[in-house]
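Same chain, two partners: chain A is paired with chain B first, then with chain C.
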Partner chain A sequence: MATAADIGTPTTQAQSQLKSLTGAKAGRLQQFEGHDRWVVLAMLGIPTFLHVALVWIPTVASILLSFTDWKGIRISDIQWVGLRNYEQIFTVFQKSFFQALINNSVLLVFLFIGPTTLGILLAYLLDRDIRGTRFYQGIFFTPVVLSLAVVGFIWKSVIYSTDSGLATQLFGGGHSIDWLGNQSFVIPIGDRFGVSANFLAILVAIAWRHTGYIMVLYLAGLKSVDSSLREAAMLDGSTEWQTFRHVVFPSLKPINVVIVVITVIEALRAFDIIYVLKTPRKTEVLSILTTNNLLGEGGGNVGRGSAYATILFILCFGFVIWYVTNHFRNTQEGADS
Partner chain B sequence: MTARATAGARRHRLRPARILLYVMVTLLAFAWLVPIVGAIIASFRPYAETIRAGAFSWPHTLTLDNYRNAWSQGDIPHKYLNTAVILFPALVFTLFFSSMVAFVTSRYSWRFNVLLLSLFTAGNLLPQQIIIQPLFQFYNRVPLPEFLSNSGKLNGSVWGLILIHVAFQSGFCTFVLSNYMKLLPKSLNDAARIDGAGVWKQYWQIILPLTLPALAALATLEFTWIYNDFFWAVVLEQQGADRPITSSLANLGGQFFTDDNLIAAASMFVALPTLIVYLALQRYFIAGLTIGAEKG
Partner chain C sequence: MTARNTHCSPRPSAFGFALDRRGLLKGVAGAAALGLGLPIGLAHAQVEIGKASGELTVGSNYSDEVPKSGLHAAIEAFPNKNVTVKLNEVDHNTFQENITTYLQNPDDVIPWFAGYRMQYFAAQDLLSPIDDVWASGLADHMSEGFKLASTGEDGKLYFVPWTYYCWGIHYRPSVFKEHGWMPPTSYEELQTLAKSMQDKGIVPFAFGNDGRWPAMGTFDQLDFRMNGYQFHMDLMKGKEKWTDDRVKNVFKEWTNLLPLQQENPNGRTWQEAASGLVSGDCGMMTIGNFVGQAFPNGDVSDLDFFPWPEMNPEFGTKTIEAPIDGWLLAKSPKNPDAARELLLFFGSAAGQEAYLAKDKSVIGAATDIDKSLFNPLQQKVLAAVSAAPTVTQFLDRDTNPEFAANVAGQAFADFLADPSSIDSILDDMQSQAEAIFGG
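This part shows the complex of A and B:
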């Protein structure tokens, strides 16, 4: 497999040819001559500058600003306050912070046991030569092309409408149900926190979109599984479940890693659907708390907003590093063999 | 051939299980259609009828009134225009920039290649909310002349949104394109070099044309993603009138649209372009997602 990481370990004929052309300069910018050196610098430099300036520098700035008190007016007003923002988050703002942390965690767990499992199951079923499989795939995938903000609007107006929504008609028995306003805890955690009814309603809408996403990714993975392996296992008398568990699933490790990372990131990123519904009480998540310190009523609190952002960063960065090292290590191994 | 034959034999043996499978998948597919079909029906019905009979009832009167009202009250044509002005430049520059980085890092040996690709890949995976506070403050402090920005700043201008889309989305595209370009034979570059073609010529005339399938797939995917952006525009464009269509949902809700069927019609206006692109270019759409994932 020819990959990015095989650079520096020339093995193929083409590469040794390349090496003879560039001599000891391989791996350095000096391999390019005159005019070409500037071209390469520009091709790498401009996009990298933009990406670093607008993504990575603000990430570092967020971490630094989380130790300061600043209203965002004058730069000279920035005051170093150490861990005060974090202290406040864990004490004064405990109530919304812990509720948000619980909601993000519940979303994560829910995405795994609900839509992710269902998506994998659907992919597995639709991968057979089932009649009309493209049609079914198309149906399950359609919500994925919609923005979660639109998903929120559609569910709010059609399914969860208090008086005339489909869910109200099905479960209300003639009464109205305030699906998105009901903040009572369905699953209490302690006496002040829990999973609220309206958050569960939002989870269902998120699942509607997430399932198709996972299904398509998994279908792509399944196509790469050697079908003779599966046939052999079935002929040996393995049950459907055993075949999946011991033959198909392990051979899909790369796609499983992708799905884990996507699901974790989606759970931490969740914002659009909650914000577009005007953040019903008890449905706040970390991304909402960060943004509320910028746009909300108490907006312009850069220090505290950045502290929430930093917590978000700490939660996701381990997974990001894991994914990136995993990817580039695999390609390195591929190159060495 | 034999695989097909055994599969056929098993299908006969497992007949009841297979029927059950069809029934389950079909029921689920029906359930999946309910919100969209429900929204389409609601958008064509007078609100009074929905109130009287509920959303789950046979529609007796069909009308375009909801669409007419949403179109004018929500200022939809203006919102579509706002989206187009941001979407197309962002799309072109995202693909252009990421294809350049992908080209150099996948076609030449340079010691910082892996580091650079890791940086782009990781950057794309960060939740956007992590960077929003400093980004907002930075955008607020970059002045722009009046003819480029109504606000006189990068904040609140289309340029700010185009820049962040390019910066953020180029992470994913660089990752996908470098995976794709790596698979093109290395000898292409060497042959071109011996013929005296410079780096730019190798990129523009040799590698880029061969990358077109991946670019088409990414373009379809990125069209949808940038179109669907809600967060960047909500924060970085706070003037409701200047917002692109998806993010304008944030202020359309309470202000203009009080009844559910009007909301359904507005949702259809927002959803329509992505649905059309998806139906027309389904193959590319799914290819875009899967080249990203398979190699990952």
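This part shows the complex of A and C:
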């Protein structure tokens, strides 16, 4: 908005008069003459085209395919089956589906109360210019440069190996511990579902990486907090916690929003670490169920895979809509005031 | 051989065809029909190595070091030097996962498995029949069972057998000798042996089920020993029910065996389990011959196996699990003549000997192969497979792969985690089988 206004500044008054005569659309286009117009069209058109072609067409195709039965080989073999895939997911495949839904939700909650809180705490402590702060920052940040898939391999072979892993040596007392295969529920939810021991083990590995990520983001934010604010609070006699809670934390709102978004997306798209661990039983997440039905040697089951993808899409899209409306409403309010 | 850290059972796949009397008769009848159909056979030009020229693309999922060098050696040995073979090498797992997409625009010659999974693609009209290659000499040095394993549902041949291995109970002869044990000849003897191992503080069966396919091997052995080949194959094809009492009996017997198997199998890789066999902490392991790779330097001189003993006199030890690997011809190859020549060569003793010079973990499929090349373990595999009248694929190759990966593997893992819940596991399995086979 601002940029468009800037470009049009010399003729703004004339434009606004013209706008009232010819309507907003004509007025806006009138601002750009000849060459400029083509540049603007290209700059808007190419990304729009790419976005529609690479994001929305496949999305709509997936939604349509979720109502079909298709082996993924020949277009002519696609059969319309209505809601059958969804019906099967909620009945015969419910054991996997609801477990996956639970796991995605648990991951979301866990990321907030575990690594996010810890990351903020670490950032707050390291912001204190304590001795060796760079060293500690380096240590906590190192896992972040690894992809989650690599994190999975490291934890599986070094830490969680049933007979010889580090965690087995520390806690096993000479016995083997089945860290990644133990699918019994630590926190049961009803008779058939719950949070399994091996999923908790994976959560710890995810936290190992995510904590550093949050720490770095927050550390960057803390550096930008005006230190006079903190000093003023201290002079007014507020405690450490009060200063953080009422002065520092609110002034970091932009960073907090980024962290909420990153965490929610991270929880919904969780895939790589569980996939490289070969999806131990009861650690399924929605993205795994999707790929299990799409990839593979049998040509997969495009219909059911797409149905899982559509469910995941609806969840993500719900969050995006909620976030966008809220965010823009807040920005709007800020601008108005 | 291949990256064994896969989501499914190891490469050389399997064929699921009976070599029993009825199967043999059918094979003979088929051969006779082929003979009668001679004019059709002659309609194809006789495939003869040396006529074709130009570039030929060959797909390869032989991404591990040993099989890769073996395949290179085999292609190097291809006598027709007018053909330039271009090898399109893809990581093994990537190849398996993208096979459907790959087959829409494949290389001329494609690596794949015999049996159900070849038939599936043949039925989708993605492959060219190669009856002419078989008629040009291949049939002379392939067993009837292998020929049947290469036949599609329409009766045409689509597959060139290349290498195979088998499953059995593997052990270290030196450990057995040290304790004065003998390979058991009956199920009772096996149990006595296991008890004696436990008394000495040795875990009878090394067991790892990470990736959820290794336990399928134990299920297969128990099922075809207790219920026979035919029931097992019908169960695989969705024609028998998982809630059948015969299946429940298999799991009842498996529950009895669980104390003899290494505990906590679900998170342990088969390689980790095999290291127990190597170290002597475990006495035996139900696995394929590829377990030799877990031995130091791949030295298999102290590795032997015996077939799973008889459990039901009606079925004896007639069935063996022997996965076979081979080659397919694409639907519309760019250089069909060169592709047929290479397929003929891959099916010959000369082509397979070149490969086996590098890879000692498998057996060549050609019957006229130079057996003096084989080490004692390979000789035993050859003898065991030749002695078994019926041969199965591995579970994930005998059934719909989606059922194997998304249903059976998870059900077995659930059983191993909580054997007492087997009835509800089997109920779920049956309803999921109906959704997959019915759909």
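In this section, the second predicted complex is superposed on the first by the 264 of 337 C-alpha atoms of A that agree within 3 Å, B and C clash if a C-alpha of one lies under 4 Å from a C-alpha of the other, contacts with A are read in each partner's own complex, and residues count from 1 in each chain.
What we mean here is this: a residue touches a chain if its C-beta (ideal position, glycine included) is under 8 Å from a C-beta of that chain, and two chains touch if they have at least 3 such contacts.
Everything numeric here is computed off the predicted structure, so don't read it as measured data.
J.: See if chain A has more residues touched by chain B or by chain C, and give me that chain.
T.: With both complexes superposed on chain A, more residues of chain A are touched by B.
J.: With both complexes superposed on chain A, which partner does A:Ser184 reach: first (chain B), second (chain C), both or neither?
T.: second
J.: For A:Arg281, using the defined touch cut-off, is the partner it touches chain B, chain C, both, or neither? Pick first, second, both or neither.
T.: A:Arg281 sits against chain C, while chain B stays out of touch.
J.: After superposition on the shared chain, which partner residues are touched by A:Asp236: those of chain B (first), chain C (second), both, or neither?
T.: After superposition on chain A, A:Asp236 lies in contact with neither partner.
J.: Figure out whether A:Gly72 sits in contact with chain B (first) or chain C (second), or with both, or with neither.
T.: After superposition on chain A, A:Gly72 lies in contact with both partners, chain B and chain C.
J.: Who does A:Ser224 touch here: chain B (first), chain C (second), both, or neither?
T.: In the superposed model, A:Ser224 contacts chain B only, not chain C.
J.: Can A:Asp163 be said to touch chain B (first), chain C (second), both, or neither?
T.: both
J.: Which residues of chain A are in contact with chain B in one complex and with chain C in the other?
T.: Looking at chain A, the two contact sets intersect at 72, 161, 163-164, 278, 293, 295.
J.: Hey, which residues of chain C end up touching chain A in the complex?
T.: Listed in rising order, the residues are 5, 7-8, 96-101, 103-104, 117, 120, 124, 126, 208-212, 263-268, 272, 276, 400-402, 405-406, 410, 413-414, 417-418, 428, 431-432, 434-436, 439.
J.: Applying the document's contact rule, which stretches of chain A touch chain B when the two form their complex?
T.: Residues of chain A touching chain B: 2-5, 7-8, 10, 12, 14-15, 17-18, 21, 26-29, 31-32, 35-36, 39-40, 43-44, 46-48, 50-59, 61-62, 65, 72, 122, 125-126, 129-130, 136, 138-143, 145-151, 153-159, 161, 163-166, 168-170, 208, 212-213, 216-217, 220-221, 224, 227-228, 231, 234-235, 254-255, 257-258, 261, 265, 268-269, 271-272, 275-276, 278, 286-287, 290-291, 293-295, 302, 305-306, 309-310, 312-313, 316, 319-321, 323-324, 327-328.
J.: In the complex, go through chain A and note every residue touching chain C.
T.: Contacts found on chain A: 69, 71-74, 84, 88, 91-93, 95-96, 160-164, 176-184, 198, 278, 280-281, 292-293, 295-301.
J.: Note which residues of chain B are touching chain A in the complex, please.
T.: 3, 6-7, 10, 21-22, 25, 28-29, 32-36, 38-39, 42, 50-51, 54-56, 97-98, 100-101, 103-106, 108-111, 113-114, 116-123, 125-138, 140, 163-164, 166-168, 170-171, 174, 178-179, 182-183, 185-187, 189-190, 193, 198-200, 203, 224, 227-231, 234-235, 238, 246-247, 249-250, 253-254, 260-261, 263-264, 266-267, 270-271, 274-275, 277-278, 282, 285-286, 289-290, 293-294, 296
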